[in-house]
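Listed below are the structures to be examined.
Across the two complexes that follow, chain A remains constant while its partner is chain B and subsequently chain C.
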Partner chain A sequence: MLDIRNLNARVEETEILRNLSLRIKPGEVHAIMGPNGAGKSTLGNVLSGRPGYEATSGEVEFNGKNLLDMGIEERAREGLFLAFQYPVEIPGVSNMEFLKASVDARRKHLGLPELSSFDFMKIARETSKRVSLDAAFLKRGVNEGFSGGEKKRNEILQMMLLEPSLCILDETDSGLDIDALQVVAAGVNSMRSAERSFIVVTHYQRLLDFIIPDYVHVLAGGRIVKSGGKELALELEAKGYAWLEDEVA
Partner chain B sequence: MSETSPQDFKHLALSLAGAQDSAPWLDSLRFTGTEQWLEAQWPGRRTELWKYTPLASLQRGQFASWGSAQAYTLAEHALLSLDAIRLVFVNGQFDAQASAGDVAGVVRFSKADAAQQALIEARLGKIVDTKRHLFASLSNAWTQDGVLVHVPKNTKLELPIYIVHVSTPEATPATANHRVLVVLEESAQAEIIEHFISDEQAQNGFVNSLTEIQVGANAHLSHYRMNLEEEHIIHIGGVHINLASNAQYLGFTLSEGSQLKRIDYQICHKGKGAHAGLNGVYLPRNEHLLDYHTNVEHEAPHCTTSEVFRGIIADSARAVFNGRIHIHPDAQKTLAELSNKNLLTSDKAEVDTKPELEIYADDVKCAHGATVSQLDQTSMFYLRSRGLCEKQARTMLSFGFINELLQDLPQQAVREHLHRHLTQLFDKDHFAS
Partner chain C sequence: MTEQVESLIRKDYAAGFHSKIESDTLAPGLDEDVVRFISAKKEEPQWMLDWRLKAFRAWQEMEEPTWAHVHYPEIDFKALSYYSAPKSMADKPQSLDEVDPELLATYEKLGIPLHEQATLAGVAVDAVFDSVSVVTTYRAKLEEAGVIFCPISEAIKRFPELVKKYLGSVVPQKDNFYAALNSAVFSDGSFVYIPKGVRCPMELSTYFRINEMNTGQFERTLIVAEEGSYVSYLEGCTAPMRDENQLHAAVVELVALDDAQIKYSTVQNWYPGDKEGKGGIYNFVTKRGICHRNARISWTQVETGSAVTWKYPSCILKGDNSVGEFYSVALTNNFQQADTGTKMIHLGKNTRSTIIAKGISAGRSNSAYRGLVRINAGASGARNFTQCDSLLIGDRCGAHTFPYIESKNPSAVIEHEATTSKVSDDQMFLCQQRGLDAEKAVSMIVNGFCREVFKELPMEFAVEAGKLLEVSLEGSVG
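What follows is the complex of A and B.
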């Protein structure tokens, strides 16, 4: 699914990711934890092609293709999805029109027929119900005036509609109340399948009680310093990150 | 010396006035207008109100004849689908066949009864300040017909008044004078939609339009004005509004570019507690020149003004926005806000924006601001990360920029019409490059 080999990347002029390697097979869920400023969001941004985030060396293979050669929209159409840590507000652009345009683009890429507006609206309404977002949010501007939690649920809604093959969730749990956390987790779990993989970036072990990962990685200082099973998250919760830095050093 | 002297249009305009036959009761207005037109200085680069807007295309235009009623075919959906009292003018001539509906108080000047004539005589040309507005003098000089909307005290017009002005192809460059007078008496209510369009084939034409509005005490007017004529039409227009105490005026205006468009809005708060809301959108492209001048005079206390204008300037087009708010010494407790935001979608696009605040009262709250920017990069990335191509993302963002002013329009027919019309316009790329 995804094979990152010795990736180095910089933001503006600063080297952030250093020799990072990570392999994800279809159907796997990988959690990434790590201190603030470690480079977790940077990894998501580099993978999704955000301008300003430049891979300086290394390789990334996504479903057998060279990911770093693809444009932003091409990656998305190929099935890569990043749920933003800070979703963007775009007033004046209707959420429904935005969602339809993105689903149209993905379907076209897959050689599927375009959905009629009516069919799409029906699907969008049903899906928004599944993430407990009132259908009224579909008519508003993209994330316009949404609360923090509503924005996160809108990200999950997009993910469900786009049916990506690789979903990167960047702190989708932060800012969610307990009910919303369960809603989001249920949404993610309902999408788990043998063909779809997830990278779940989080600071809290709590999320991993709901979305049970196959692997947990610790990202610190721009590289993966430790990997393990889901128990690692509990250990981190108990001990913090300092012991790891000692171990690495 | 260039071959066209600056006198050309001025004199052609006078002969055009001479070529009209009009009702004698309008003579004095026409006479005064003609006199002022003759005396006025032709605007040049040193004329403050016309500094950024040269009238060269008007000079070149050779507008030597009046428009005539031509057969025309409009594109499907060119008009609003709306249950309304509809008055249609073609090249300035009334088109009875295309018009529909009837209501007491709404009448063309040429059909006005004695009382209505008296009302027109008393108000027409009195709301506009012709000293500041040269083309209002011309409109006076050219007054032959027009529309009176008179709503008596405590009356609400149930249907909107929909006034359409169509420019169609003519053999020679033609001129149209478009005049509206609105008088809402105390506690009256009405909704008026002015819609200017042109046949795609229309060649050089000049539209001079003037709308004067008196909103009486506690009266309420909703007013839409769309200037959608294409390429070859020159439009110089003015909307002049007087507000009595506790009157409310809610205006929306949208202009597409053409070789020259200049629209003036003048709002005077005459009585205390009045409110004016004015939102506007301008969309010049190609080589268009589009100029909005707005001026709000706060003469009375406790009045409020909220004004928001947004423009997207594409290709090699130029826009001018000048928004003045003038708070007189007596206008204490004024609340006034003016915002102007511009988006340039090409390196060659230009905008001159100038908000002006003049405050002579001490207990007021005023805010104004103007910005010129490009599309937000983070938003671009967000849209593209969902699979939209760059062009689609640009189109969506620039449409969103003006849609903020369109999406909440209370009149559904206008909202839907503009949404459809502008979606087509934006698909043509100008506003997405």
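What follows is the complex of A and C.
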């Protein structure tokens, strides 16, 4: 699915990711934890091709293709999805219109016919119900005036409609109330399958009670300093990150 | 990303072709004889010629205005031709079958089929080609309702009393430099008359096309809505691509009598010039409406074309409780310049006006909003709301706002909101991360920005306007 080999990346002039390697097989869920400023969001940004984030060396293979050679929208159409830590608003563009355009772009890339507006609306309404967003949100501008939690659920709605093969969730749990957290987790779990993989960036073990990861990695100082099973998250919750610095050093 | 956005602007101007139609074009030059020639060509009555000559004499004493935020080389008004008509129009066609097929093909190519069965359902079209009206559709159906929709040249002959009464009543001959010139040399345009209490059974539209080289187009539109009547009118404009600049100086007058409503929409797509700023239309237009008691005039404009635009569709709110509205999207790209806005003149009591102006600048273009809200002493209870938003694409363009407020009545409530924003990198990235290409992303963001204005357009044209915006923006990212 995804094979990151010795990736170095910088933002502006600063080297952020250093020799990062990570291998994700189809169907796996990898949780990434780590202190603020460690480079977790940077990893998602580099993988999705965000302008300003430059891979300086290393390789990334995505579904057998060279990811770093692809444009932003190409990566997206190939099935890479990033749920943003801070979703932006696009005033005046209805959520429905935006979602349909995105889904059409992905379907076109896969050689599938465009959905009719009628069919799409039906699917979008059903899906929004699953993330506890009232259908009225579909008519509003993209994230326009949405609360923090509503924005996050809107990200999950987009993910469910686009049916990506690799989902990167960047702190989708932060700012969510308990109910919303369960809604998001249920959404993710409903999408887990043998063909789909997830990278879940989080600060809290709590989310991992609901979305049970296959692997947990600790990202610190731009590299993965420790990897383990789901128990690692519990250990981190109890001990923090300081003890790992000794291990790295 | 800025460079990315910057290069997204501009695909070929789709309406930029020239039709090979033989025409009668008057040699360049401007004097009283030219005015007489035009009047004679149109077989006008003496009073009309006198009216033109009066305007011409006034124009000769006037100076071109320089206060607008636009720059262009001095125009040599004597180097232009003031009349051009397709040869085949010399003996006027009586029906569509007699219209030059090449002409029909031109409109077909522009997406405006003139055969009634092929037109947009429920839209009557008057097609003006250079200086003359070539065809007006659905006339019979409109006449049944008592609605007059015909070329103004024809109205002058058939309905002289109406024309005499209203022509120049809203935009006087001497109103400004370009209006005076237009009054002297206007060639054609549309005349609309809606009788008392009648709701016009279909949308009316006029389509203006400049074809000949070095000709100015000076059309004149007059719409009179009698008491309690309603009409929705739309104009569209295109021109071939040429290296020379061409002048377009129109005058539009609207008269909304008591309880009447006029909705006037414009989709202006004159040739904007090329990427280096060469060529394009100078669009110097005077549009004004007068509202009597309880009347309402709404101006909606989508301005994407022209090298230079100078245009302020305005409302004189004379009658008590009358309403004026101005909804505008002005998009400039490359080297285009636009100075546009409105004037709302509140004279009557409890008059209300709304101004929503959206300016989008890309490339090295400049757009300015210039708006005047004047509340006269007698206009107690008057209200105005103005919202003026600018969106910048890239960092070499400019947006400027010049709001003027003059209030002589303390009971007036005037609200003004203004914002300037950029198509942000984050918005672009969100769209692209969801699989949209950069061009689609920009056009979607810009369309969202314009939504409040687009929803005022008649349905079919809202779709058109969205597409036009998309085309005009092409090349601004990439």
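Just so we're on the same page, the second predicted complex is superposed on the first by the 249 of 249 C-alpha atoms of A that agree within 3 Å, B and C clash if a C-alpha of one lies under 4 Å from a C-alpha of the other, contacts with A are read in each partner's own complex, and residues count from 1 in each chain.
Here, contacts are C-beta pairs under 8 Å (C-beta built on N, C-alpha and C of every residue); 3 or more make two chains touch, one makes a residue touch a chain.
Since this is a predicted model, take the numbers as computed values, not measurements.
Undergrad: Does the chain A-based superposition show chain B and chain C clashing or fitting?
TA: Clash.
Undergrad: Just chain B (first), just chain C (second), both, or neither: which does A:A101 touch?
TA: Both chain B and chain C are touched by A:A101.
Undergrad: Once the shared chain is lined up, is A:N154 touching chain B (first), chain C (second), both, or neither of them?
TA: Neither partner.
Undergrad: Kindly classify A:G141 by the partners it touches after superposition: chain B alone (first), chain C alone (second), both, or neither?
TA: A:G141 contacts both chain B and chain C.
Undergrad: Report for A:N8: first if it touches chain B alone, second if chain C alone, otherwise both or neither.
TA: Touch partners of A:N8: none, neither chain B nor chain C.
Undergrad: Determine where on chain A the residues touched by chain B overlap those touched by chain C, and list them.
TA: In chain A, residues 48, 50-51, 71-73, 76-77, 82, 84, 87-88, 90-93, 97-98, 101-102, 105-106, 109, 141-142, 158, 162 are touched by chain B and also by chain C.
Undergrad: For a test of understanding, state which residues of chain C touch chain A in their complex under the given definition.
TA: Touch residues, chain C against chain A: 1, 4, 424-427, 429-438, 440, 444-445, 447-452.
Undergrad: Could you list, by residue number, the parts of chain B that touch chain A in their complex?
TA: 377-379, 381-390, 392, 396-397, 399-404, 407
Undergrad: Touching residues of chain A toward chain B in the complex: what are they?
TA: Checking each residue of chain A against chain B gives 48-51, 71-73, 75-77, 82, 84, 87-88, 90-94, 97-98, 101-102, 105-106, 109, 141-142, 158, 162.
Undergrad: In the complex formed with chain C, which residues of chain A make contact?
TA: 48, 50-52, 71-73, 76-77, 81-82, 84, 87-93, 97-98, 101-102, 105-106, 109, 141-142, 158, 162
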